[in-house]
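Scrolling down, you'll hit the structures one after another.
You will see subunit A twice below: alongside subunit B first, and alongside subunit C after that.
Presenting the complex of A and B:
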């Protein structure tokens, strides 16, 4: 139906439609003005990163060319028809969605379903930021990536998948880590932010940034068999710091790369994050602000709990907050949380003297020359079941205290068999727990115990390339 | 007083990996009320089997632990001074950061 025909017709119904059409056109124009204004504000940003601009003008034009009464093109009506059929969502919801720009921080286990659903549902502009590359051990949960992209940028891979699902969505690839120095530039280009990261300092940084730029933040987290979800900084609701003014001790921060995660768990939380982002973008329903959803996969239970509101004393969003953009950009989030902005970087403990340590290669020599010894593997039993060095003996670090006599008899046995004194070696996954074990053993009757530097990870890299890494 | 205590987000590892504990806790001698302050002391000495510093800091929970009384943030009902009632449900959950 041509809009001119409607304009020349004068029946009441036609006039109402014409009014509706003009209203949506007005909304469209206002949204474009808003976006253009947003581009002017952080001046250097838009100029520096042209590809990173999230202007929806080209999209708006194509929509206008095929304009219908609804303001949606015939193709959009067909593609999103099941959304349009929802009385609570309908044309208005879809139009708002198509004009929204959403930034997904992290293209991992959470970010995969978030980005896929947001692309599929037709948000106007979808930005994805991540500096990681796709690894084989990501694929069990990071379902946006495929084997073909192992070794390549996660953002590139995610954008490819999103484009394959919906080529009409404007995709912006930010192939860099979101950090305090670039976050204001990047985040300012979007209406809504989704925190799909995997570490504590990023969570504080993203929340602070969203407060400074007044952006709602859809925050999800998953680990092991549990997930958590809430919306921060929305409509006067709390920010991350209102809930967690003081960071937890770093020893309390478990990571997927240490503790494991069942693939579908971040998938569930990511889907819910996409849902919350869609609700915020389309102004439909009640976003999960001031509430938190807790998901326990083992017991198939979800509970939604009421959490505190915005704290007047919050250093970032409170009444007397003096947190400025300048302070934000120079704030050291890794130091604040005492943990790294990555799920992978591992601590390098230096607990025991060099003389109490040997390399994997040196240990291999000992095996090859048949020198009598006992190798104790101090990993938890479920790690030991994955893979272990032949003839090693599993005594988890937590049980070491009770198993000293077992070690003693194993050493005596080895000495008896060879007629020589047997040495004691300790190994773990990466070479940290083995030092803790040697430290304990040396003080409890085994002064000559030594650990293998870098653990099984080094063993796999330097000695036995067939030894599986995990 | 009969209470249901739940631990999540990894805190269950401190109490032998059991998430739900159905417990009877008596108020301190000479008192008729049981507060959250008292309950934390009771939990630390009766349920926490390892690394108590991963649960408590000072007389409260450590940073990063949310406490929910009947599905409501304890900050909204008095924190340490909240008086518990028969059959209350108290959840201790460590915030997650993974993804």
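Presenting the complex of A and C:
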């Protein structure tokens, strides 16, 4: 959880209780609103479905009320008229779309525009799967969610927005993480899968699952100022593993929560994913199979490169592939990729001995008692500019080697000012880089350097609740 | 979709770094290399030009890049290599003014 309540001591706890009480009141009011809404729901409106079924039988009856020669109801003709006016799309495209079922995996930066457009354009059944909770720092890019849903299920929030856009679309809420154990069951209920996840193990898992169940996979990714888009396992095209049989090392797979992302970039890629999903569902145009679109936001360039075809040697979709559903369900994707299935869980390094570490609370004591010391913040400079502990000194980890003399003179200055020996402390965002720094410092003339366990994240949680988290 | 002229990118492997070669004896070709995603972080650039002996393959080109940027080894086993915007095996022989793109996967979203 990156979002935190600001307050301190008992008043903070009181505020939390009050927030909890208001939330439960809000939940109750919402369910009453839903009940009332159901009574005035327009004819043909589909139910939001939490059972996980995506059968379209009831839907085709309700949507076809007052069917015309086209097979579309007057209501549908009016709503989708701009689609129907497209000679290349027309009634046929819209009918195919209304009979299709699409699963969106991930209701985040990519999934937001995907789900909204797929609901708006009138797919028959839209499934959304995610186990995450909406956080304030999601809202700059995850435009399907609103402030009112911070702290609540992303899937619930996304379904609410989709229902508000188009109540005739059948929505299925999967409020759980898609994993090897449940993926076959969930994915098998849909015609098309959209990968809008934020991590490498999920990407391999979803691709493998789509190969096993023979589902086209519309895959998008975004990070920083770049995006990538491909349709896998479609029309004889490759799967994710044909392209990347060996996962990149975890260091190469950066996450939005570490590296940042400009909000519109996943928005652009998500819109293109919706477009590709619509093309596959309606059998219109040339979907991006066997090609990869690269989007560079900084230079406003897009490039489409032809990628390799299906690899005969692919372990999953190749000629001699022996990958079964049983193997899939027991395959450890996190171990395979050496990275977690969540954008948030962070690696906890244990590089240095306990004796070389102090907690945020202990450091606070040192500050309060006026013990002479130097605090080195080893985050990159653009992190330091966001927020920093007063009087800390920014020496990014990458420059540490060249700045040892700076640290030495700062320590001497602190000792001179106080007449006592000064200690050296190191802090970073989460407490991993600070350990790397202390490890280096201890071997290079600063044997008593210590790091602050859990970094600024713990500082904000345990000591200074007003310190911003990011 | 490459808008800028071919020879504006930074050059590596030119006479400055390769003083012994004689332009008149061995014919050289110029290759434009494009970096994407993590490859940009690792090399610190989006594109550069390489001078390669005539007859060089995409693999030769990669080997030269790995000497220049040893960090690139991190993504070497998991990337798409595209020659003139098309998938190419590493054994493909390069021609003058070819464009080689190094595309590691992005996983964020």
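Rule of thumb we're sticking to: the second predicted complex is superposed on the first by the 419 of 470 C-alpha atoms of A that agree within 3 Å, B and C clash if a C-alpha of one lies under 4 Å from a C-alpha of the other, contacts with A are read in each partner's own complex, and residues count from 1 in each chain.
By definition in this document, a residue touches a chain if its C-beta (ideal position, glycine included) is under 8 Å from a C-beta of that chain, and two chains touch if they have at least 3 such contacts.
Source: prediction; values computed, not measured.
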item	value
Fit or clash between subunit C and subunit B when superposed on subunit A	clash
Contacts of A:92 with subunit B and subunit C, given as first, second, both or neither	neither
Which superposed partner A:462 touches (first subunit B, second subunit C, both, neither)	neither
A:439 touches, of subunit B and subunit C: first, second, both or neither?	neither
Touching partner for A:25 - first (subunit B), second (subunit C), both, neither	neither
Contacts of A:14 with subunit B and subunit C, given as first, second, both or neither	neither
Touching partner for A:302 - first (subunit B), second (subunit C), both, neither	second
Shared contact residues on subunit A - subunit B and subunit C	106, 108-111, 196-200, 203, 220-224, 226-228, 243-244, 246-249, 251-256, 259, 261, 266, 269, 292, 294, 296, 299, 303-308, 343
Subunit B - residues contacting subunit A, complex	8-10, 19, 50, 53-54, 62-66, 68, 71-73, 75-76, 91, 93-99
Subunit C - residues contacting subunit A, complex	1, 3, 36-38, 46, 74-75, 77-80, 82, 85-87, 101, 103-109
Touching residues (chain side subunit A, partner subunit B) in the complex	106, 108-111, 196-200, 203, 220-224, 226-228, 243-249, 251-256, 259, 261, 266, 269, 292, 294, 296, 299, 303-308, 343, 398
Subunit C-facing residues of subunit A, complex	106, 108-111, 196-200, 203, 220-224, 226-228, 243-244, 246-249, 251-256, 259, 261, 266, 269, 292, 294, 296, 299, 301-308, 343
